[in-house]
Each structure stands twice: as structure tokens, then as C-alpha cells.
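Paired with chain B in one complex and with chain C in the other, chain A is shared by the two complexes that follow.
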Partner chain A sequence: MSQEQIPYQQISAFQAVILLVHTITPTAMLVIPSIAIGRAGQDAWMSILAAWACGMVFILMYSRMIRDNPAGVPFLKFVESRLGRVVTTIVGVLLAHYYLSTLSGIIRELIEFLSDAVLLRTPMLVIGGVAVGVAVYSAIHGLEVVARVGIVVFGFSVVLFFVHIFLLVDHLHLKYLAPIGEASVNHIIGGSFPAIGWFSESSLLLLMAPYVSRQAAIRTIGLWGMSLSAMFLLLTVIVAILVFGPSLPGMMAYPTSSVAETIDYDFVERMDVLFIFSWMSTIYLKICMFFFGTVHCFRTVFRVQNRKPFYIAFGVLALLTGLYTWESTADLSEYQRYAIVPFKLSMNVGLPFLLLLALWITKKSRGREVDKR
Partner chain B sequence: MSRRARALMRIILIGLVCLLTTGCWDRKELNQIAITSATAIDYKDGQWIVSYQVVIPSAISAAMTTVGGGAAKLPVIVYSTQGKTIREAVWKSVLESPRRLFFSHTRVLVVSAEATQQGLTPLIDVYLRNPDSRETVNVLISEGEARTILEQLMQIQIIPGDGIQETMVGEAKDLSILPSIKMYDLAMELLGSAKSAVLPEIVISGSPGVTTAEELNRTALSSKLRLGRLAVLGQDKLVGWLSRQEAFGVGFMRDKVHMTSISFACNASSREEESAFRLMQSKTRLTPHKSGNSFVMDIKVEGEGSLLETNCPVDLNKPDVIKAMEEQLEKKIVANIEESWLAVKKLKTDIVGFADRIHRKYPKEWKKLSENWEATFLQIEIRPEVDITIKRTGLSTKSYKLQSEKD
Partner chain C sequence: MGVQQGTKLPISEHLPSNVKWLYDELGASSDIVVRTFSDSSTGLDGVFFYIDSLVDQQTINQMLIGPVLAEIGANPNVKSASDWIGLLKNKALSVGRLKDLHDLNEALAQLMEGNTVIMLQGSRAAMAASTAGGEKRSVEEPSSQTVIRGPKESFTENINTNMSLLRRRIKSPKLRVVYKQIGSQTKTHVAVVYMKDIAKDGVVQEVMARLDRIDTDAILESGYIEEFIQDAAFTFFPTIYNTERPDAAAGGILEGQVAIIVDGTPFVLLAPVTFIRFLQSSEDYYQRYDIATFLRLIRYVAFFVSMLLPSLYIAITTFHQEMLPTPLLISLAAQREGVPFPAIIEALVMEITFEVLREAGVRMPRVIGPAISIVGALVLGQAAVQAGLVSAAMVIVVSFTAIANFVIPAINMASAARLIRFIMMILGATLGLFGIMSGLMVLLIHMSSLRSFGVAYTAPFSPFIWPNWKDVLVRLPHWAMKKRPIAVSSMSNLTRQGSGQMPEKPKKLGHERDETRESDE
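The block that comes next holds the complex of A and B.
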């Protein structure tokens, strides 16, 4: 049976948790430490904890919406059944636009990092093209295949992550975390905004939920996925502070990679290469997940049967958008620091919240109608 | 097309894609790069002069095989370029070198004292910004021209850059008089609360310099590379020097003493230092206390190690004797810290980490103190307290001198 004939590929609860982690962490680990430490200094870890608390609330909101859809109907179809075609079309188009825009941002982040750190002379089109090609190929095979790859990637990236921390033991200075609480509440909140924005990417759970074999465990899956993502980000931020102190990471473009560079023993050095290898594997999965989100919303709204050509079309579109939207690194950095968080929050939190409200109102009015009858 | 043919086509296609996407644009052929083992930075007439110690791979393999066999080819060449900015100078190297400079294997960076007067910020920026310049490079300072350090050859280590780095790391680990400072350490220290840092000095001791194969082919060299004093930097510029003796006390205050050897007198009345102690482990705790408008800094040093040598007529089986030796050691370290503290105060630069410590303990007061830290720093009173334990006394229980006096 071809993939087109399978309405829902099933993924296990564990696979769903891992996919959620891959949806949030790859770019978060690269972008957030610099911004959060730059704003909150040595108290940036508090910013991440605050963001984690917000992320948990987001998950509770998403799981509340999913609870009303016990049949496992795709999210937009469920919205259509409750709020009608017009609302669904608007929501679907907005979400498809959000996923495509974010996808192009992720592709550009990948290109920027590789161009800055390793492939200085390789054209951006080639770096992005290869990444998009690989991601399209994986995404076409469906969520279940991506989830299986995700488990393998998660396994070795976690091992490398902890080996890297272990090798840094000599470079970690606890004193850099003091004085605790020196940053003002405003700075800590300011430092938490990017992480809140990134944690809101867990809204992909709404689209992923119908594919999960254990519908009843969606909330647990979300909470675990969010907590694991927060843990990796928290460790990354703390390690960056413990190695470089509170001032230096704020001026570094990629403190996470620079931390790996400091590992320099007689028997091992250049661990940044392993970091880049592990990170690239995870970002491919993130790209796959955002491909899934884009195509899923698009085909549900426009009732498209054959999805494969759209993966290729959206791949080309996202690549070109990623390449040409931001003229320079400074433009991308400004977008990441100021525009991306409100955009993410409006699409991942604002929109679902309005939908939740609308679903709640329609549920109430339906209940009243039933009572009247 | 049969299934097998399709599979074959796919394999060929994948192979082709792999070949076409191997990072062709960023490939680095070994015969097209000039691997630099050390870099030196000088500043003259408004221009940065960057010198490179470039490894000659063919000469290294020859040197490995022709030990003692006539005048071998030299393993490195040194050349310089200059420009208004450091990177402009680096890129000008293509005007005179057929190979592109490759900095990933650079082990040491030597900066001249004159160049530090221009401020080290441009240099740090270069290292943090460019992926080919690694921030794990060891930074040293030379009082004279930095290029001459790169021209000096070493006997035991074929590549002098490697030799300097290994000497530096070995010294910091085994003697701990001078610290091993990497580029990111320097960047962090200059961004720290005190905005100051230290750098070890590298000098050519003796003359003339050993720069040719003939001069190298001797059992005793006319000159050699040696670690010297400790340079003190304030706000990224050189403000003065500390002797090795003073640097040693600074090392204790900065908690950078890993292992070291200390000579000490037999007793308080003796002026001759006739015993040696190997400090195997040391930990310093700085605890600031407010005292009126100023601060008192408790410096608590705890260390342990073993006795290496003694010419005192003592029986080392007696705990009282060991206790007396420990007291001698403690007094010596306290005196050393106090001497270093006076030297540091003279330079009016907080390289001992007091600002960081006070900032951490009194974060609210720090905001006010940081406005005029120098004045507060100079008023600080130190209270050093040293606790040394002689854990082992070696394979002899009594000193040979005691035994010979008895006999």
C-alpha cells in the first residue's frame, strides 16, 4: 500500500515526545543562549525556567483542545466540524503561512551557522539546497519514518551532548553563576521571551496528535517533550555561562558551538565538529516537522489528495524565501531578536487560544440547544 | 526498466550526489595551505605587523629521520606582513606566499609589549570572529619584537610553536608560577568585573638567537626560549610587569597554583633554604568582609604535598618536626602573598580577582563600587592564612644529614 493510501501513520507516544523535542531544540540551542545570556547575564537560567513554566501552560492548552477531539480527526478537520469551513480556511492559511515562514527561517539559520562556522566559501544555495533536499526526501515518507529517524538521531545526539558536558568538566566554573538574582525581573523576563517563543513551537502537537497511537497520553507526551526540551536548553545555557562567564556568550553568535571548541585535551580536541554533526542531524528533523506542518495545513484546507509534489514545491519556496528574505546576518539577527517571538506567539498561542475560546463557546451553545430539546 | 536496474540507478545517483556535495568550495588541499604553528603581533608606525611561523612538512619528515646527520632543512620559516588592521595584514600574505595561511593549528600567539599599548581588543575580536583562528590558542607577551620569538629554533621540539605551547602548559601544570592563558581566558578576564588580565612573558635568553641549522646543531645553544615574568594588563593595555616571585603569590591569590615546588628554611632562625617541598594540590578561597568604607579580604590557602629534599638534621618520623616544617612553608607562602599584594597594589590593577569576589558577595554595593573600583581596591587589606600538610616524606625517614652527624 502506498503512503497516499494510509490516512494516518501511527507513531508511538515515545516517538511523539522525541519529535516534539526535535521540533523545539535544534534552533533554540543555537539562538537562545546568546540572546538570553545577553539580556539576563548569569541569571539566564532563570529565564529558561520561566519560559519552561509558560511552555507547560501552552501544553495544557493544546492538550485541552485535543481532548475535545477524541476520534483523532486531523486538527483542521476537527476545527471545521465545530467552527465551519470559513474559519477553518482562515486558520489553515494562517498556520500554513506560519509554518512556511518559520521553515524558511530555520533553513536560513542552518545556512548562516554552517557558512559562519565551517563552509565559508560554499554558496548558500548549495548548503540550503542539500538540507532541503534531504528533508523533503524524509518528509515525503511520512511522519512515522521521520519519527523512526528521530529516535536514532536523538540517541546519538544525547550521548554526544553528555559526553561533551563531561569533557568540559575542567572548564566549568560554578562561581560564574553568582551573584544569583543580580539581573532585574525585567531582564530575566526579557531573557525568557525568545525561549517562550521557541517553546510555543510545541503547538505542532495539535497537528501531530491524530497520528499518535495513544490519544489519551497526549498531555503526558506534551509535558515530557516540553520538559526535555527545556532541560537541554537549560543545560546549554548553564554550560555556556559556566565556561565563558556571564559577559562573553552575549557577544558570541553561537556560544554553544564555541563551548565545544574549548575542549582541548591531549587525546581529544575539535569537539565542535562533533557538535556540528549532531546538530545538523537534529535540524534536518526540525525542517521535516515544519514541512509536515506546512503541507498538512495546506492540503487539509485545499483538500489536496496528492501531497508529494507539494513537499517539493514548498521546499523550493521555503529555500528561496530563506535565501532572499534576509539580506544579511544582521537582518536575520534582528528578526530573531525582535520579530520572531511575537510572530511565534501569535500563531502558536494567540490563535490556538482564540480557537479554544470559540470551541468552548460553541460547545456551551450546543449543550444549551441539547438541553432545550 | 527492471527493478534491479532502477536500484542500480539509484545507487549511482546517490554516489554522484555524494561526490558533488562534498564541500568542494571549502576543500583544503594539504599542498595548498601554509600551516602556521605560531603567530606574532607587533605594532610599528601605525601598522599591525603580523608574523607567521609556517611549518615546512617535508623538512619535518627530514628532521625526524636525520637526527645528528649534518645540516638538515629547517622545519619552519617565518615571514611577516603588515596592514592597518590585523586581518588586512593577514590577507596581504597572498602577495608573497604561494600557499594560503591556515591558522587552525596555531598553538601560540605572541604579542609584543608595544602592540599591547594599542589595546588588545582588535586582536580578541579577530579570534572570536573568525572560525579559522581558534580561541584555544595560548597567548604570550614579549617585551621586545614578537617576531624574533618566532625565529628562535628549539632543539627538542622540532616545531618551535608547539614547543612554546607545551612548555607553557607544562609550566602552568607542574610549577604554576605563570598561568597558561588562552585567548578566551583573556577575553573573559578583560570583560570581568576588574577589566584586567595577566599574560606570561616569553623571552629569548642569551644571544645570538638560534635561527639557523648550524646554530641548532650544537649541544649547548647560544640562546633559548624561556618563560619570563608576568605582564599585567588593565583595560586591555599593558600596565606593568611582575617578577616570577611576585607572580607566584599572585598565582595563589588567583587560585591558579596546581602543583609547584617550594624551598624553605629548616627553622625560623635559619636564613638558608635547605628543604624542598612539592605542593601536589592547592585551593585558595577568597572571602571579602566589609570594614567601614573598605574591605578586608581573607585569603585562605589549603594545600598538601610531599617533602622532596631536606638538608636539615631532622627525624621525619616525629610529628613535631613535620609540624615545624609545615609552619615554615606556611610562613613562606604568607610572605610571598604579602609581597605580591604590595607589587599588585603598586600597579593599581586588580589581577587577583578581588573585584569578582566582592561583586559576587555584595552585588548591590558593587554597582557603586565599580564606578571607582581602583580607589576601593587600593584600600583593601588582606589577611592571608595558609594551611599546608606534608602528607609524605619520601623513602627516607630521617634526613641524611642527621644520620651523618650521629655517625
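The block that comes next holds the complex of A and C.
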């Protein structure tokens, strides 16, 4: 069934909110605490709040862009109808490239994390291969099935997330949050940049919107999705500070998993493994969403009818890119700290902003033409 | 295509040629009975034609042959064959169902149903009287879906008995029954039963359409139909529910499901169905809601245990030993010290042994059944541990898994868990918890992609339908479940009962005396 056949591939507003959360949080919870706490110390939570405010502005921009997008028409087709084929091709290729690059990054993050935390001797190709296989299987079923899976995974992972915080109660030290406001504004803003980059991934809303059953609620969906994502990230950062203080998390590769490692009761140890695997199910969904973005842009630009073979092809491509682009963990870490945020912002904010301007200008000029007639 | 009807072959006025045609078509079988009767005064010549092994002899003797013979000689004015037909129909033949026939193929079909065909010389019309008989099993207790509290009746192999069991429970004129015949050779009767205005029209039409599409020579059990009409051809998970309990079928029909009753089997199909239905028992609605909720939660846990426990054991002991507390780890390591196999081989050997024992238990004659438990418990359990072939922990894991599997109320869902268990064990042994988690994701994706007659299989979890949650993980009291489940029932008629029926402590009436105070005084 083609993705363009909206009546079949339709998702509810609630499913869209959850998909948006799955698009942002899985990798954000892994990568951001280390960078944000490293820069803003115990005031890193303020960085997340600042990033959340920016994220809300992004959502307003995206919802403004798709306000004129008729229901059921893919975003790029709408852009084509307003800005022409050439612009659409350029935008589509850029977005497809962005989604594929980010997809490879996510796959590599997953591989690195699992190799580092639990599967020390399993070859990276096997871990990546299994992950991509599962994600391809899911993406092939279409956005509607991914959305349904998203609800179940969200339910389980939220329960486990709060259970994990509850089990940490003994290890939480409120004094680590003090003194509040010690970090300078520069540091707080510096700490918020990675989160802003990740929150900009909500631009997938542009591609997802035509499949949402309640078109009028897109803005609300976006705002809810962004707020929930920010809440989970905020809790993760605060818990990391409360457990390790303001200095240690910045030196850790994955403070989120290190926090879970501290859970230790007599009857069970290393509960972090369970949390890692519940987190893994969320990252599968993130991979699915970026698969959707890649294949959707590719298909719309090149007018390809059959999507299934492309999921497999892009899966292999993303896996190989993920495995061989970064030679070491240090390379990946450097990419995440310095290159990824500008890349995300340029594609998720810069490009849509230019498109918004162009759409606004064309709308104005069309309006004038109509008035003249 | 339902019934493979032949071409029309009109009944001839020449009685012997009709009889010969029917006789030849039936291969001159020994159980064919052609009972002739005649009246020389009026020139009447006729036959009762039936198949002895399909009819109720008493009905034929008392309701057909006796009354007809009584009319012979008593009606000298009735001369023509058509007048005799009218007379027999209106006066003599005292059976409930009487059908006019004009076609020999139809007459043949009626004979195969166990009916008796009455033909007269000189008439192009004949009659088929309902005389179907034969031995049938009485209504007994269900053998596979037993309950402690609740009706003890089970469906039987007879479709009419099954229909009466349903009709007696739902005395509503809105109960609709549509009969079909499927199978070119077996011509099996299939009844589609649903509640008008409660079942979704689209679902009813889809059921009818899928049944009409079946083109096969034989339907011997409802399992045949299930495989022809289910939504997904390749899946572990059943997308059609089956039950031998009339109360469960009635409950399903009253919630908008469509029942398919197949002659020759006590197992009735119900569709559409969602995953959670397979973990619910009809007893949940007869027991108090608190214990019903508790048992339901136990069943959910048991489902996951039966699917995942051996694989988790393998994954944790092979890949993630750090998850275990040190004393337990030492104990497990000590148990496994002398075992020559890796955990996966040990688990596979034990699981396959259990499956063999289970299959043997089903197939073996009942009198030697207890021998199986002795062999299983002593020889393959205790002896294997003592011989150092398997560890005691593995025996516990496999036994608990097996017991957990029996907790699942629907056997077809229990079978799905059994099969998935083996795949999970291999994933756990090769990739540890990562493999199990990936396997679970694939299962979840697969389940989310399934539909049962248009209804999402994972509802009400996803799509999330909050009103249905009153009867999913918990079972709220009946008075709190005002509406029918949204995914299955017709949206136009969701309310099943009035509101405000929660029992309250009765207010004291004026004439009631305060016994306590009086006794104090």
C-alpha cells in the first residue's frame, strides 16, 4: 500500500504526538546530558528549558508552513505546487541526504552504546545489522503500524523510566543542584545548543502532518510532542545531576546509562541492562522515523512508486555509512559535540525558514495577481 | 462459491424414470430405501425415497407412511396426481418442514440432507419432508474450556443443537442467522450468527463475502474455514477466536462479534477479535470482578513467562551474568559445572522432551496416561539431573514455562507462545537480551500490522481506545461497563445498559425498627 494513500495510512493526533517524542528523545537522552552538564554544570536544566522555548518556536514555524498544505498531500508535493519542480528537487535531495546522514549517525550511536554497555564482544556489524533489519521490517509496514508500535513502546518505556527514577531515590542528592544560577548565561546558552539541535528534529512533523487524521490539530500535536520530549530530557538531566553532581556527568560518555548502573538492590543487580533494552525499543522507532523521512523525500523527488526495495537499499546504505564514516568512538563523539548541531539546525531550521519565506512571498504575489484580476 | 449446484433437471411425470435416476446417482447404495404405495381405485402410484442411514425411522413411519396409507382408499374422488399432492401436503403429511421440488438435482440434495422425497406418478412436482435423524452426542461439559463457576454446557457436533443453545441464551428478534453450505462434496452446513444493529454491517458483509469465496470439496471442522477466511496467512497469532462454550459465543455476539457455526464440530468461530480476547476467560464475567482482575493479570504474566522464561534464562546465564546477585550466580554456576552442554542445548533438549511428553500424553490411551507423568517426572527430570545431563535450574525453568503455558485460556494462543518460545531461545542464545528485545520488537510490529476483519489486533492498546480499558487488564464490575467495546461493536449502538446502577446501601425505611436499640432497651 502506498504511503500516499492517506485513508489507509492515517495516524491519530495522539499517535502523532508519541511519534514526535520518539523522533527526538531516544538519542537526545543519551547524548545531551553529558554535553549540557559539561557546559552548564548544575544549571544544565536551565539549558534544557531554554532549548524547549526554542523548540516551541520551531513548532510554531512548522505548523505555520503546513497550514496551507492540503490534507493528504505530501509536504514536498505541496512545495512543488507553490515553488516549482526545481526548488522541490533541491529541497528533497537536501532533506533526503540529511535524513540518511542522521540515520547513519543514529545507527552508529546505537552500535557504540550497546558495544560499550552490554555487548562487548559482539561484532558491530551484527548489532547494526539486526537493528537495521528490525527497523526496515517496521518501516516497510508503513507509518500507521509504526505509530501503533510507538504507543505500546511509549507505554512500557514511560513506566520503566519512572520506575528507574523511583529505584534511584536513595541516590538522589538535592544539594547537587545548588547553587542555582551559578553558571553564566553564556554557559547556559552553550549548554542548550545541543538540545536545540535535537529539538529541531521535530521538523519531521512537516512530512508526518499529511498523514494525521486531525489536520487542524497539527500545532497542538507539535507543542505537546515538544513539551513531552523536553520533560523527559529535563528529568534525565536533573536525575544525572542529582546522582553524580555537576562535574562527573560531563566526563562520562553516557551518563544516563551510568545513572541506571547505580541501582543496586540485594535481590537484583545491574538493572541498567533492562533499562538499556527498553531504551533500545525507542531508538528502533527513531530509526524508523528517519527511514520514513529518507524514503519519503527520495520517492517524492524521484517519483518512485514502489517503496519497499528502497527501505532495504537505504537500510544497507545507512548501516555501511554508520559503520565506516567514523573510525573511532572519539570521532563520533567529536561529531556529536561540534558538527551535528549546526548540521541539524541548518536542515531543520534554516532550510524550512527559507521555504517559509518563499511560500509567504509566493502566496503574497498570488494574492496580488488574484486582486488584479 | 458456496454449493456446487448441478444443472436443472426437471422431474419427469414418469415415476420409474425419476426413481431410476436418483437410484443411479446414488450408486445403488444398500442403504437407499424406496417404499412404494398405490391406490388402485384412484390410480395413485407413489414412492417414499430416503437414505436409511440419514433418517429418523420413527418419524418416517409415524409422520409419513402411516398417515399416507390411511388416506389411501378414503378419497375416491381425488383422481389427479396434482390433487393428491395437495391432499398429502395439507392433510396427510404431518411434518414441520415440507419443501416443494421440481428438480431432480434438488431432490438429490434433499436426500443427502436426510430428508425423504415423496414423488407421485404423473406429477412434475415432488415433496421433501424433513426427516433427518441419526445418532448425535448430547450436550456435555466443555472439555477444553472448563470453568469453576458458570454454565457447564458445551456446543456439540450438531448445528441445530448449537443454534438452540445460542437461541436459548439470546431471546432477541435481532439475532440473525444466515445458513450457507460449503464444500462441494461434504456440503457442510455453516451458520453465520450475529446481532443486527450491534455487529458492524461491514464486518458481517466481509464474513459473508469471505465464506462465499471458499471453494473446496470438504469442510470437516471449523479449522478449515478459519484458515480460508483469516486475515493473515502467515502468522503465529490466531485472528479468529474459537470456543466450545455457548455462553462465550453468546457474549461475543452481544458485543458485536459474528459467530460462525459449522456442522460437525463443537468449535464455533468468532470474529473480529483482538489479541486481549485470547487472554480472557468467560469465567472472568461470572466470578467477582476483583478476583477476575487478579487472575487476568496472572494470565498476562503467564503469557510472557511461557514465551520468554527459557530465553531469558539462557541470555542471562550466557551473556548478562552481571544481572544476577552473586549467591544466585554461584549456585547456578555450581549446578551447571558438570553439565556438558551449553545452556541453549540444555534448554532445547528439555523443551523438546517436554513437547514430546505432552504430545504423547494427548495421543496415548487414557488408561496408560499416568505412565507418562511417571516417565516425565522421574526418568526425564530427576534422573537427567542426577546423571548430570541437565541442571536442576533448567528443569525448574522448563517446568514453570510449561505450567505457565496452560494458564493461557485459548489453546491457539498458547500454541503461538509455544512456537515463539523456540525462536526467542535461539535469539537469546546468540545475541543475549539484545536478541530477545529485537525479537520482541519484530513480534510487536507484526502484531500491530495484523487486523481481524478490519479491527486492529492490538486494540485497545494501540490504537489507544481508553473506554475499552474497563475490560482489558482489569475487569470492572458489570454496572461500570455501560458501553460495548468500541473497536468491535457498531458505533451507532454502543450503550448496553443504563447508568447509575452501582449498588448502594439501602436507605432505612420508616417502618423498619431499630433492632439494636430495642434489644438494648
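Note that the second predicted complex is superposed on the first by the 360 of 373 C-alpha atoms of A that agree within 3 Å, B and C clash if a C-alpha of one lies under 4 Å from a C-alpha of the other, contacts with A are read in each partner's own complex, and residues count from 1 in each chain.
Keep this in mind: contacts are C-beta pairs under 8 Å (C-beta built on N, C-alpha and C of every residue); 3 or more make two chains touch, one makes a residue touch a chain.
Because the structure is a prediction, the values reported are computed rather than measured.
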So, A:Ser227: does it touch chain B (first), chain C (second), both, or neither? neither
Of the partners chain B and chain C, which touch A:Thr262 in the superposed model: first, second, both, neither? first
Between chain B (first) and chain C (second), which, if any, makes contact with A:Met251: first, second, both or neither? first
Return first, second, both or neither, reflecting whether A:Thr325 touches chain B, chain C, both chains, or no partner chain. neither
For A:Leu119 in the superposed arrangement: first (chain B), second (chain C), both or neither? both
In the overlaid three-chain picture, which partner chain does A:Arg148 touch, first (chain B) or second (chain C), both, or neither? second
Touch check for A:Val130: first (chain B), second (chain C), both, or neither? both
Can you tell me whether chain B or chain C touches more residues on chain A? C
Output check: A:Ser138 vs chain B and chain C. Expected answer is one of first, second, both, neither. What do you get? second
Show which residues of chain A both chain B and chain C reach, each in its own complex. 118-119, 122, 126, 130, 269
Mind listing the chain B positions that touch chain A in their complex? 21, 23-26, 128, 131, 134-136, 182, 184, 187-188, 191-192, 356, 359-361, 363
Can you list the residues on chain A that touch chain B in the complex? 116-123, 126, 130, 175, 178-179, 181-182, 244-245, 247-248, 251-252, 258, 261-262, 264, 269
So in the complex, the part of chain C that touches chain A is made up of which residues? 319-320, 322-325, 431-438, 440-442, 444-445, 448-449, 456, 458, 461-464
Note: in the complex, chain A contacts chain C through residues 12, 14-15, 114, 118-119, 122, 126-127, 130-131, 133-134, 137-138, 141, 145, 147-153, 155, 266-271, 273-274, 277, 280-281, 284
